[in-house]
Every structure is written in structure tokens, then in C-alpha cells.
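Below you'll find the structures, each written out as C-alpha cells.
Same chain, two partners: chain A is paired with chain B first, then with chain C.
After this line comes the complex of A and B, so read on.
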């Protein structure tokens, strides 16, 4: 390391590794991981999100989890939360659907209305 | 890019480690392995998070959930409920006054009045990771200083910030730097004073353990300003983890090219090493510390010459405290105006305190200078444990003094504390409730100073011993009317005549308790009574005949058989034989045994008779 630019490069990479501890998060994906969610495959759904986001190197997207959301008949349920916008809730998710949501909604900002079960809070 | 979705930060400060943090960390590894979740969860060992009383503590991101007093048995529940199902475990959270669980770390009252500068990263980053330090802006200040500022400009900026030494004296940092900068020499040295020896103080240890790179960066910025090319970390051997972490930080900085020759492509070359101290309190005094590094006995020498003129091996040397160094990188990154905007007219920035004693939230805190003692003790510290009342607070360790309820609204800064008879010291804050005997407290600190006196100069070596003798006499019930004046006379003499800071300040605890709790000394001497029931010779046990049911339990449990009686007559303690062990009080089923202030009249009479007999034999 010889210049401030070198330092900046290391910093950006390291910040990426620490993004879970706050900082620049554009979008948050919250997977419902209650008992019924897990029974319907919520863990697979979450893993697919994590993989897809890692593959695309989306540094400003955070995947996290919550408990039972009360939409048991539509599990697995996923919220996509973006600052200043309505919360979008997707239901009956599967790994295939996740891939589509990542490409359309997360990357290109187009909501996949076919999977949406609720909007707003 | 990683698949991690949870950062689990386990506090591995010494407090939490002794409470079992390592076992918990291992248990997390086991459970996550079993469940095949190791690639989703980051387990990070951090430095001290502060609330040591609640240890082992941990924070889980992204939610920022704070758990306290976690045991290995809780780990599986945390993984199952929190990590798998997203349901944080309520019973491990802090409770507020309405017994509602407080989930997020930022909502914990302990943190709310705190402003973290030196401790910014403590408990937030992995102290063994250079990358994590860089991620928080680390080494940016050093790079900027080295590539854009001259040494004199660097000193000017320090002057504008108003930073003063955090080791106790409060000497302005920029003046030390300027003196060494102006001194002509082929070699200059920078020493980090990590010889933290006050009872109850652990600020420096926590900073060295929790964020070693910050201290190192601070040292390098200062070294550039004054033209030093070699640095020493003087850390006591009782701090093995701090030593290990700072050594590792130095090695990492070398490897990354942040240390060594031509740092950031500039002309500045710097190297540092660690020297361990044997744990003598006097080695925190800068001249003694310098002799210790040189390999001599750690004895202080007169100043002047100041170390800035003739220090280590006779070369110009700056000695800065760990916390002082910890403030430096942030001052250069955020600007001196930002730093100077906190605090009072004469004391800028923040101060780290180690809160201990009869207080709810013992631990490590950082607050803006000028905060009132009331806020520090009752808001940050959470108030007193149990139903006891606040009585006094000892600030500045064995060099400081006790303040009382009337000072609760005093703002904490160097000048105000000194004026009231205490001192900032390194930042140890020992809070005491109304069960503490102030004479006994003064005796404790005096005992410490007698032990730690290096013995070089007579006022400290002999004077402190004499003062201790008088205190012992008073707490044994042999106090004389003239003892108080004698303590003051001796204390002032030791203060004026001692060679170094240790001796000069050692009488402070006695003088300050005499100033604010003179009546306690007087009742010890005149009434032969310790009203807080601490000094054993000045209390007695007695059985209330009206309450006694004559069960004989006390008599059977008395180790010296000094209780006699019967069911009808009830029981009596023979005062002259009683050793005041307190067994009788503990075992009494009807609480008939009382611990009563004051020597028993029988005992006073016996001692009087003994005295007269001795006098007549002469």
C-alpha cells in the first residue's frame, strides 16, 4: 500500500464485508421464517436470495429474516423494502420465483406483480 | 462475495471472557456446524462493548439486537429461534423500567448518553482484522497527514482541537509535540503509556484490546508531527491480550506497508515495538517508565529536564497515554472543530471512564467532557444497586479524591474536579453507597500507595507509612484527638515534598475524605463508633432479649463459645470474647441479633483498665 487510492480500494472491499453492520443498504429483503414458512421451503428461498445476490455482486442489498407474518396460506412470504417506497410482499415463493424477483425487481426495479400478495404496510 | 446474512458480534473483552464468552463462541461454532449454517453466519470476536456487568454480551446484526448474560445453554435457542426463524430471544434482552424487553443496542439506556470517539470501534469491529479497521476509515487520517500536511501544520491542527492528555494530568498534547518537534536531535522517540495501574481502571486495556490499530495510527501521526522514527508501547505484563493484539497490529501494519520505510510514499519512516512492564504502579510516571524501558529500575527522576528535552536514552521523547492516542485519528479525520465542539471551555472532546462500585451498569463508558456526575452515575451508570443511597464517588484512583452528593451536579472536566479536591486521573470512577466507611476507603487507598511507593524519596516512603499507621489506629479504635490534624499536616508535607506524581497525589484520598467526611473520622476517634458498621473493632453484636426465642442456635454456631443462656433466660453475647464473625446474626431465625455501631461499653472499660495498668507498671 503506497497511496491513499490503494487504501480506498481496501476500504471499499472491507466495507462490503461489513455491510450487515449498517451502512449503505438500498434494499432489504425480509424472508418470513416462521414454522410454517420453513415447512414450505423458506430456507431454500432465503438461500437462493443469498446466492443470487452474491452472484450479481449486489453490495447494497441486505437479506434478513423475520418470524411468522400471519400469511400462512401463502408461505414462503418475502418482503422487499426500499427506502421511500411501499413495502412489497411476495407470496408462495420458490427458488425459481426468487431468481425472477432478483432480476426484475431487485436489479431493474420492476415489481413482479404476478407474485405480489400485498403492498404497503 | 459472501453469503453471510448475520454478523454475530461476541464481546471478547476481558470482562466477558472471564464470564465465559469463549465457551459461548465455541458452542455457537458447534451448533452452527450441526445445522449446516456456518456459511450464513459470521462469528466475530470484538473488543469490550462496555456493559461488563451484563457479560457475556453480544450484538447481532443486521437488526442490532443486544443480548446479555448469555450462557452456553442459550446458544441453541438463539440459533433455532433467532437465526432460523427470525424471532429474537426476548428473555436474553435487557428490560426497561416497565419490564419491556429492549431489543436494539442503540436503545439500551447505557449507550444513550455516550459519545464514542476513542471507543468508536470497540465492540464493533474485529480487533484482529486490519481490513475491518480500514473499513471504518482507519489509516485515512495518517495517509492524509503524510501526503498533504507538514509536521508543523499537523501540530497546529492538534492545537486547534484542544486535546489534553488523558492519562490524568491533562497536559495539552500539542505542547508536548511542539517541544519535541523544536528540539534538535538525531533521534527522537514516541512512547505510548499503557501502564494502567489504578485500582478499578481498565480503559487503556480495553482500547488496546478492542481497537489496537487506532492506537498505532495515533502514534504514527504524532511521530510524524514531531519527527520521531521509533515508538514504544509500554504495557504491563498483566495485560497479555492487549500485548498480543498490539504486537499483531504492528505486524499487520508492516505487512500492509503501513509501517516501515516511506509510508504512503512519503519521507516518513516509522517502527514500533512493545515493552512489557512488571506492573509497578510508579512506572506509569513518565520518568520511571522511561528508565524501565532503558532496562534500569523503574524509579522516577526529577523534572526538569522534561522527557521532551531529555527522555529515552537522553533523546527528546513524548509520552502519551493510550486513550490520548486513540483520539488522534478521529480528530484528523473529522477535523479539530468537530472535536472542540464537544466538552467545556478548557476540556474538549470526550473522556472514557471505567465505572465500578455499587452501581448497576458497571463497565466502560465514553461521555462528553462536562457531563454532570449525576448523569454519569444515574443515567449512564443506571443508579445504585438495591435500595442503598449514593454516598460518594472516588475519581482518579489512589491519586484522586472522593466527592459527595453535593457535587453531583458538578460538570466533569480537569479544572472543576481539581478544584473540588478530586482529579480526572486516568478515568476510574468508583461509586460507593451508604454502607461504605470513608475512613476505611481512605485506608485502602493508602495501603495501595504504601505498597506501590518506590521508596526513592523519604516523604513518600516514610510519610505515607506514617499516615497509614494513623488510619489503622483510628479504625482499630485507638484514634487520638490530634490524629486528624496530624493526618492533614503529614498529607500536605508529602504532597509538597515528594519527587514524583505518585507521592504528590497519594495523600489525596485521605485529604478529600477529611474534607467532606470529617464527622466520620471524628466519630471513629471520639465515640469509638463506625456508623456504617464496617470497621469491626468499632462495632458490636448484641441480642435483643425481647425478640430472642431462646432456641440456642447462635450459641451452638458461635466458633468461640462466647454466647450463653437458656430458653428461659434468653441468650447473651460475652462482649470481651466476641470475635465479631457475624455467625450468630446469620443463623438467628427471628433476627434478634443486631450489628450495632460503636464499641461495647464493656470493651471500652476493659481497654481503659488495660491502659491504666500498663501506665502504672511503667
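After this line comes the complex of A and C, so read on.
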């Protein structure tokens, strides 16, 4: 059974790490979670991002969910936002595509242009 | 939507858009009463009685017509509940929030499955760090009652400035939800 004591350990470990590298968020991932996105599999897309972050131990990436934005025909839609760079929007995402985006874009900084449906705002 | 937990995710996003700070999710699996009940309660901006009525109409949306012309989330959920001898109720008060209660006949042949409750809750909790979630799962049978409580406010307090997207925290929440869902027989409902 998981207890709050486990969280204390996690907190101590995380604080140690933050001292070493500073506590900045390097990238923000926003998964579109409107009705049409959910119907097209956005929950699995979200889940895969969370799994990849946990498995690859990515401590400087933030994942959030948002509502519909008028790209319903390309759902599930994911935005990758990085300070000082254009926002990249990926469309028609799937768990497999998420894994590729994590390796290429999130970890190595190379945009996966095949999946991009919009850039900038 | 293929299952109830996908509808739940959709409803949670409605609460988020209503600027809720707290969202309470209760799922009750009651065998003697032959009932599967879902209650979502938020402290968002709420709706007046006219808007509550309109929200159940598929051609109504709170968004600009330029962005979107239909609003299918609530009407589809209502339809899916009522199709299998269930009920859908929504009560709201401007400035106070909204409560939605959806009942399903547990053993109805056409009832959609509950589905992957864990991934719905995990995504919602981590995807909306600014919102406190209070999750209560209850399993009731003739001689046993099992209950699971999960309150993200307590977790955030313990974590301080560590974000919920920190890898070990994701695993912690995932594991806790998994255990709770197992203990309350919410997996293959």
C-alpha cells in the first residue's frame, strides 16, 4: 500500500536533484482533451506521455490537458511549447507517435515534421 | 465514447473550463441496489437553470461559433445513461458550482462498461495540477463494503514545490489509483 511516507522520500530525492540542475521547466506539453479529442483517443495519448516521462525519468517536462481548440478533424492534438521557440502542434496522434515525439523532440530537440499540423500561434 | 470513464474525463474537462478549484468524483458500485452511480461535483462558476437546460441540447455550446458549433459531451452522456434504464441529473447554481449525478442499471445488457477509470483520473489529476481532486470509490455488496479515498490536496502538501509530473510522483499516483480500483472492484465493471 502506498502511503504519504513514500511521498516524503520522493520529495527529498527530487529536492536533491533540483539543487543540482535548478528547478526550471524546459518544455510544456499540452494534450487537447475536448470531447472530440477524447473520442479519438486523447486519454491514451496523455497516458503514454506520462509513462514515457516516468520511464525516461524526464524531470523538467510539464504535461497538462486542455479543452477543444477548433482542430477537431486532426484530434488527438498535442502542443509542445518551449521557451523562446515557436509552439509546435502535432495532430492525429497515437501512443506510437507519442513515443517517437518523446524520443526525437522532447529528448533530442528534433521536431518530427511528419506529424506537425501547425506551428506558431 | 466507448465507456463511462471516457465520459467522466469529458465531464471533468467541463468543470475545469468552469474554473473549478476543487472537483469531487464519486463512483458507487452497488450490487444489492443493482446500481452504478457516478457523481461529479465542482465549485466552478455554475450555470443558471436556462443554461443547465440548454447544455443538454447537442446544438448548444458555450464556445464561440467560429470555433465550434455543437456541444455533444453532455447530450451523449445523457443518451448513453437513459438508453439503458439509467438517469442523468444536473444541478447547478451560478457562483457555487455544479453537481452531476448519473445512474446506470448495473446489470443492464446495454450498459457501457466503466472502462479505464485509472487512466482517466491519472490524466486529469496530473494534467490539472492547479485543481484539487477528491476521489471516492465505493463498492457495496450484501455483506461487504469497500471504500477508497484519494485526496490530491494532501499529496500536494506533502510534495511542496515538487510538481506532479515528477516521474516518481506519476508512478506513485498511478500505483495508488490502481490499488484503490482493485480494492473496490471497479476494474471490470
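Criterion: the second predicted complex is superposed on the first by the 99 of 121 C-alpha atoms of A that agree within 3 Å, B and C clash if a C-alpha of one lies under 4 Å from a C-alpha of the other, contacts with A are read in each partner's own complex, and residues count from 1 in each chain.
Rule of thumb we're sticking to: a contact is a pair of C-beta atoms (placed from the backbone, for glycine too) under 8 Å apart; a residue touches a chain by one contact, two chains touch by 3 or more.
It should be emphasised that the depicted structure is a prediction, and the values quoted were computed from it without experimental measurement.
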Which superposed partner A:54 touches (first chain B, second chain C, both, neither): both
Contacts of A:1 with chain B and chain C, given as first, second, both or neither: both
Touched partner set for A:67, first chain B, second chain C, both or neither: both
Touched partner set for A:10, first chain B, second chain C, both or neither: both
Which of chain B and chain C A:21 touches, first, second, both or neither: first
First, second, both or neither for A:38, with chain B first and chain C second: both
Chain A positions touched by chain B in one structure and by chain C in the second: 1-2, 4, 7, 10-11, 13-15, 18, 25, 31, 33-35, 38, 43, 46-47, 50, 53-55, 57, 59, 62-65, 67
Touch list for chain B against partner chain A, complex: 1-7, 9, 40, 42, 61-64, 84-87, 124-125, 131-132, 134-135, 137, 139-140, 143-144, 147, 256-258, 264-265
Residues of chain A defined as touching chain B within the complex: 1-4, 7, 10-11, 13-18, 20-22, 25, 28, 31-35, 38, 43, 46-47, 50-51, 53-55, 57, 59, 62-67
Chain C - residues contacting chain A, complex: 1, 6, 9-10, 13, 16-17, 63, 66-68, 71-73, 76, 116, 119-120, 122-124, 126-129, 154-155, 158-163, 165-172, 174-176, 179
Touching residues on chain A, where the partner in the complex is chain C: 1-2, 4, 6-8, 10-11, 13-15, 18, 23, 25, 31, 33-35, 38-39, 43-44, 46-47, 50, 53-59, 61-65, 67-70, 72
